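Structures for review follow.
In the two assemblies presented below, chain A is common to both, partnered first by chain B and then by chain C.
After this line comes the complex of A and B, so read on.
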């Protein structure tokens, strides 16, 4: 009996071991390297000076430059998440409640953007919003404007690019949540006197919140960590925090400072996840994704 | 010096008491080991190390196309060694990749400027080329070779390959040649073109042009506050900092920007495509020379063979005509054909006296501080 119990105790660990090994090797060990790196220094020639120095952390935590860009990044990520939620929920609701026989096609359209590279999708906006892009050509052709509008290389174009990139994440999460709701509940609410709007607000929306929250969390975290979109669609002042990490590591060859900055961003996002866990619960995230 | 001479000298030093018995025996042992690994028996072990490919990293776009068509394809056909290509947007970015790599992963790079060469050398990434294996070096402008040798103690870790300028490119539909010539570097901070100005996201180029805009020597600015103010002025007027040659060409061709500094060869390529883009080198404009750098840990003989192949006048001229940058070949020694003399920055004398190059000591000694400061200024600080 004892050996059966012991085997049953071991079994989950044996089954989990490939995943755990992967996480340890590909996530925790590199993270540990980054932590160690953050205490080194960069020498004048660009080589690393090994040791335990707090200079990078002191600079990252006390310099208003990093604080301001971090706050700006969180603001952009917040706006992006809000726009994704506002645009994504009705889309997901429509697909989930659609009775058309082409529902599979609609779902296919939702995942279609994932088949095209994120960078290509981002670059495509240059052909749409550029001075000689499609939108300006239409506006000029219709005589609505006399001069091409400058729509690119500002914060709005960065947010647009991020919404374009992240919208499917929120739509899919909300969709999964919506189709899991027993539709008889809405019927019951209607039969008890609710109008359609009340039934939605009292029944459907609260029950779909786990999906909306899971999608929003994903959107926020991915938006806050992006650097391609501001690089391609942003102007000189539209950098986000990940661009600072890129600059430190790639341009300035300052891996130790870049490590400290990346850990700082990681810590801030971990706090966001912790707040989410405190008020909504990570279990809801799993439910939203299931 | 051959090996027999080396052994004789070693014995002589031992007999005269210059080295002790333990050191002598150690060196003899090392010599035996080195014979062992180079003996006929070792070839079976070394067969696995036979060079099948070398990696080359460059600037992409029309430059890479020219290298592939005129150099790599014929080289592969001739030697059977495959050339694997990669691209980068700038020397800093590439250096970071090399630093993160295992030794030997990266082999040859198309580096820009002596300052890059010096940085790679200081980081211990250089090697010592055997010039005897690169006889085509004799066709190269001597001045271009000498500046590299001065950095690396008389040895070469690269061969000079081409040169060019980062001048001012402007859309002739909006800016006339006369206006560009009259304003020179100031054109890049002319408020009249606010929102239609571009610039390379490169701290050296920004500081170089800011030095010109503030009337200072680009290789010895003394008032850095004025320089940073000029960089800020440009930033506030600029629509976009471009990060690659392809983006530069796209911004100019798409009429997103009307003026920017640009790479001479890329602007020439735009003009060849039919875009009406003007190009001037203002006084003390940014001249640079590019080299093919061999990174430490690379298969030297295969790399030397490729370098010699690429310096062959036929290959070098074909690549130069393809990438639109004059080759490092000395016009006094090699007939360069019809197109090359028409390229921007071409110097028929071969002395390159009319170009101002970046002083590696000046730029590299300030690299750490200035690259970091530019990172802040560029983002609004």
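After this line comes the complex of A and C, so read on.
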């Protein structure tokens, strides 16, 4: 019979095993395939040439076309994250501090968007901003404009769609960190001479930073990896990096190049995550998600 | 100790339809230590928070040093506030926690350093300035919280159950420590607790509260020896309360017939309104009832009841007996010297005449 200690050591692994099995078979193994693929070569005939070729990597790393789109992807993700943070923080603060009995309702409203498919939520902007969309109908009807405005298919509409998609992630993360802050701390600061604004800046804001950072990280990573939003709401020149991967694999059936490109994006995002981990730590992310 | 540092007059606090504090009036003399004492939910914290400016009273006035402060926001009231959970700023080290209030007062850098160090010395933590709050023990955190509150030289120090998160031994040390600091600084203090021994040991004045209403205000001895109600008597130490009737007035004494137990004379001053036949209630504190051997000699200063020990609750230096005495079950808390009695023993229970407290208006 195993000792109690040995059993306790084994137990977490037993409990984790379904998750580990899933991750290994559905994530790590396919990822390994992708790594292997990225060294194959697509020949003119369309058949893949098995082997160890650096051609895809050479192309992905040296072609300025890819580099520019990578940079603009990071820029769009950055702007989106910034907007989400600026819009999301006050929202989270309001919900966390609201004393109404409808707090549960407010929280429900926050998660409500998750009940509707992300694609449908993205498509909904076409009905709002499109040439025959709601906004143009109002503007035309009021006689403010004579011709419908072209508001879709540019970088702004892509960012709008991303903010719409990602805002709840930031709000929920900040909310969790705000409700974890002892309300007495602000009272204590106020009793020591701070006004409300100073108490917020000295106490609440710094203490909620980890939540904001965790939310921002999720937001940035999800934004940088998206291809549906630019596909639906962006113009031909608003492709993001994931669209290149999509094009390479689905349109051109060039798996090796697509693999190299997707690994490139993965590496860049891994660096972002590593920087976050270095300064804030992964524990916060777990707290924010729970 | 003449002028009042804080004065509450006819304070009412309502939360929606629920009245948490009802027509509450009291004053804190400058430099005094006043305790709000009462069971959980009686409105102590609510009262304290109104003085602090964290809650608005629904009615009534609050004055600090003669100035009406109802509309003055908390950060302009110059108060020191200590919470039950200490509420130290977790992202600041001990020095910065204590210095926090000074940054918002026009104090030079050098003076801040000086005053923070003095405060930390006063609470006997001179070398811990660089530590983070999470690296301190509960007692140390408590001291830092106190230092942070007193370093700004507040007009009033407000303490909401500051000792209740500490374990028993530490709590007694901190109680003495807190009282020493308060006396040394001569700082007006409003202290909230539901622990009667804390209140009795530390206070100049105790305000006993019940359901948002003041039951009694007085010095510790006064509240303990002359409770005005069964509630106060029961809250400060375990009391036995029995029915009695005035039998006759006998010079300076009133002779009371205690239920089915016997006669006991009490001084007239204890029940000035007594007339023959008046129904009163008698408070017999458990620490005043003396359990003796049944065959021990009787003296003239007490009433002796024959009783039988029902339960023995051994507490180390003291022992608590539950005794059957006629139709009553009485508690007696005695210091232990010599052998204790056992369950079932027949004993004699002595009630000294001078220990009987009369409640004239039974509730």
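Just a few scattered comments:
Convention: the second predicted complex is superposed on the first by the 281 of 290 C-alpha atoms of A that agree within 3 Å, B and C clash if a C-alpha of one lies under 4 Å from a C-alpha of the other, contacts with A are read in each partner's own complex, and residues count from 1 in each chain.
Going forward, a residue touches a chain if its C-beta (ideal position, glycine included) is under 8 Å from a C-beta of that chain, and two chains touch if they have at least 3 such contacts.
Remember, predicted model here, so these are calculated numbers, not experimental data.
With both complexes brought onto chain A, simultaneous placement of chain B and chain C is permitted, the two fitting side by side without a clash. Legend: residue contacts after superposition of the two complexes on their common chain; A:126 is shown touching chain B, with no touch to chain C. In the superposed model, A:194 lies in contact with chain C only, and not with chain B. Applying the stated contact rule after C-alpha superposition, one finds that A:235 touches chain B and leaves chain C untouched. Centred on chain A, the angle reaching out to chain B and chain C in the chain A superposition, using CA centres, is 150 degrees in steps of 10. Shared-chain residue A:203: touches chain C; no touch with chain B. In the superposition on chain A, contact is made by A:185 with chain C only, not with chain B. Between chain B and chain C, it is B that contacts the larger number of residues in chain A. Contact with neither chain B nor chain C is seen for A:22 once the two complexes are overlaid on the shared chain. Superposing the two structures on chain A brings chain B to within 48 Å of chain C, judged by their nearest Cα atoms. Overlaid on A, the two complexes show chain B and chain C touching no common residue of chain A. Interface residues of chain A, counted against chain C in their complex, comprise 182, 184-185, 187-195, 198, 202-203, 206-207.
Every residue of chain A that touches chain B in the complex is listed here, in rising order: 42, 44-47, 65, 69, 126, 130-133, 148, 150, 152-153, 231, 235-237, 239, 243-244, 247-255. On the side of chain C, the complex with chain A involves touching residues 52-54, 73-75, 77, 79-81, 83, 85, 87, 89-91, 100-101, 103-105, 148-149, 152. Residues 90, 92-93, 95-96, 99, 119, 122-123, 195, 203, 235, 238-241, 243, 250, 254-256, 365, 367-368, 371-372, 375-376, 378-381 of chain B touch chain A in their complex.
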